[in-house]
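Labels for the chains are A, B and C, by order of writing; each one numbers its residues from 1.
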Amino acid sequence: MGAEGIRVEGLEREFKGGIRAVDGIDLEVAPGEIYGFLGPNGAGKSTTVLMLVTLLPPTGGRATVAGFDVVKQGPQVRRMIGAALQEAALDDFLTGWEHMDLQGGLHGLSRKESRARGGELLERVGLVDAADRKVGGYSGGMKRRLDLALALIHRPRVLFLDEPTTGLDPQSRSALWGEVERLAREEGVTVFLTTQYLEEADVLAGRVGIIDRGRIVAEGTPSALKAEIGRVSLEAIPSRSEDRERLRAALAPFGKPAAHSPRGEAVRLSGGAEQLADVVRALDAARIEVAELQLHQPSLDDVFLEKTGRSLEGSDDSDAEAPEPAAA
Amino acid sequence: MSGSTAQVARAVLRRTTIHTYKNPAIIVPALAFPLVFLVAFAGGLSAVSSVPGFDFAAGYTAFQFVFVFLQMSAFGGIFSGYRLAEDFESGFARRLMVAAPQRLGLIIGYTLAGLVRFALIGVILWVLALATGMQVLGGVLDVLGIVALGALVSAACALWSIGLALRYRTVDIGSFMQTPIFVLLFIAPVYVPLVLLSGWIHSAASINPFTLLLDAARGFITGEPVKVIAAFAAALGILALMWVWATSQLRRAERAVG
Amino acid sequence: MPGEPHLARQIALIAGRSVSRTFRQPELIIPVILFPLILLAVNAAGLSSVTQLPGFPTDRYINFAIVVCFIQGALFASITAGTELASDIQKGFLDRLALTPARRWAVLVGATFGGTSVAIVGTVIYLAIGLIFGVTISTGIPGAVLLVALSIYVALAFAGIGSWLAVRTGSPAAVQGMFPLIFVLFFLSTMNLPAEFIEKDWFRTIAQINPISFLIDGMRSLIITGWDLGELLPCIGVATAMIVLFYGLAARAMRQRVQRT
């Protein structure tokens, strides 16, 4: 493992009252890789990030970031990393530039260096025009972009992004994705990204770790994980919603239930796509009128369902304003 | 009062009373502040009564008690408007506005809630003051006179704050409810009788209606009532004015809610 | 590779941010300045007749009362400092700072500058208004300078209480909720009358051991009595002890709050 990656062995964090938020996880992230850490709210994602960025001591196991031990070499780790933690903690009464000067100064940049580097970063995240305005007037997307720029001011080699796009509109999300991708590809920055959006992990991450209840339940490239599930799933939406029960019964013989379908039913076809004709005949025989019938390639949500028995979206209890990911 | 007005008033009163009953801690600051003032003023400043020209038969504790009692009455009333503003923020008051056919019940209910709080804290204050040796030279009627003035102050302040709550519907307005009342209460003969005041405060206190109430209530506690009719007339006049203020804000709010 | 900046620069950066942020919120500053002045106006006028009591140290009550403004300004400033720090904790800004090489001490001290600078502005305004309305300082200009310096020192001491409460609770509401207690301590002091004029024994006893009385009496002596080390040294001593105690507690709470490795 290169000096600029992440290595985690048996990492644990137990809180008061015996709650094990992180319950022994192992993972490795190669330099320049984007690692997606995927899981529902409360799965232990943020706790893991806090330990890796040295803000929370682990209660067990060990971890090195950029070759430094997160417990014994906190200051060295912090020098090598940048982090944009949840909710982009910015000061509403300061301007973008003032944030830049503060952050750059505290990282030991001279005012001149800080200005040069800050200007470059503000340019890159498209905030040059807004940089003299107070952050209180920024949109959610602008705040996240400023947060990202601030995290990069001291040229970190490892970047931690904790739910960087939660609550953002689709345009802001893809703008942020583009920048993160560029950082990894062109500058070789290692990125550790947590998300509860399958699409985000799918689009961005070279490898994905799925965490549930403090444990990693699956790990690999998105395509390998999906291949492990293998089979396509079929989703049917009845014309009349009262037919859903009967639809479920009619589909049951063709395979196990697949990840949730908001308005219909889905099964993972045990015999593959060739079964499609049989399904249509069965629905016809049962006189169930179908408004939509679709075949889906396996998604990360299917992987999550397979490994945990629950659907990722179904278990998501975050605020309703979060955009619904266009999963699978 | 029509049946539905009374029903709305009762619903509001029941709700706020239950709230206080379930969270007795919320009256602690309301009680603690008058007590601190009483201790600080009556206990700490008693030497003031030795100032030449200070003449008050019942002693300095009684002199200050009257002020603290009326101050508590005022702030007990302001609590009504604060609760209404809170209820607007939580959506309860808006639901009432939409559902209640007789919205005057809203004003009456919150005013009564303030009076209940006034009565509760008032009783505790009297008991504590008497238990620690405050002299009352007046009789039962005189004490009732003080309590009646307190109730009128409380109701008037309740209507003042309810009007503001109806207008702005946010608890941020809380300090604006309190500050003018606070200033009015202190531009008065708080520490010494009016005759011992001089300069600007003498002029300002002379025209402050609260001075009239304070003098009358202090007269009662010494058993030598003074300016009784003028004080009650002033209190009732202010109450009427505040009623007009609160109801006009209610109509304004009705237009906004529809 | 950039490293840790000099400690003085860390404090300057964090203090600069604290001051800019505070002065961009006029609703934080105006009450702090106005409220003590209103109380001064009301108390100085309402209690002016107590100067007729035999042996009262001054014949102008405003000379006696002005110091209360300084201490109140300091107290309000500390509420501001505490609330601001607590909201930084609540919103995660403290984590942002903790991820830089900045020392915990620099964060703690820097964050008090906003509140303290409000107290400085307040002190100058109170003094100017006091002088306009007839305050006479018996120690002259050097005494006035020392008075302002002491006032700032006391504001720093109170800001220590605010910071400690902020770091301990991490909640702005909790910080504000604790301050009525300190207010009570205020009233049980020599703020309105000298100790020997307090008639009730228990009240006098409390006022005489109340640390706030030492602060008030020391600063008051500069205005009324002249240079009196017997009053000044206890005042400086109490303020210093508060600074040591509360910043010590705040630093300890900070180590628990920021468990940075």
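Just so it is clear, a residue touches a chain if its C-beta (ideal position, glycine included) is under 8 Å from a C-beta of that chain, and two chains touch if they have at least 3 such contacts.
Predicted model, so just to flag it, every value in this text is computed and none were measured.
At the centre of the protein atoms shown, by the Cα-centroid criterion, sits C.
Comparing the centres of all chains, each the average of its CA atoms, the largest separation from chain A belongs to B.
Separation between the centroids of chain A and chain B, computed from CA atoms only, is 57 Å. Per-chain CA centroids place chain B at a distance of 32 Å from chain C. For the pair chain A and chain C, the distance between mean C-alpha positions equals 47 Å. Interface residues of chain C facing chain A in the complex, by the touch rule stated above, are 1-5, 9-10, 13-14, 16-17, 20-21, 24-25, 91-93, 95-102, 258-261. Note for the complex: chain A touches chain C at residues 53-57, 70-72, 74-75, 77-79, 81, 83, 85-87, 89-91, 93-94, 98, 101-103, 105-109, 113, 134, 150, 154. Residues of chain C that touch chain B in their complex: 31, 38, 42, 45-50, 52-53, 180, 183-184, 187-188, 192-193, 197-200, 202-203, 207. Those residues of chain B lying in contact with chain C across their complex are 29, 32-33, 36-37, 39-40, 43-48, 50-54, 175, 183, 186-187, 189-192, 196-201.
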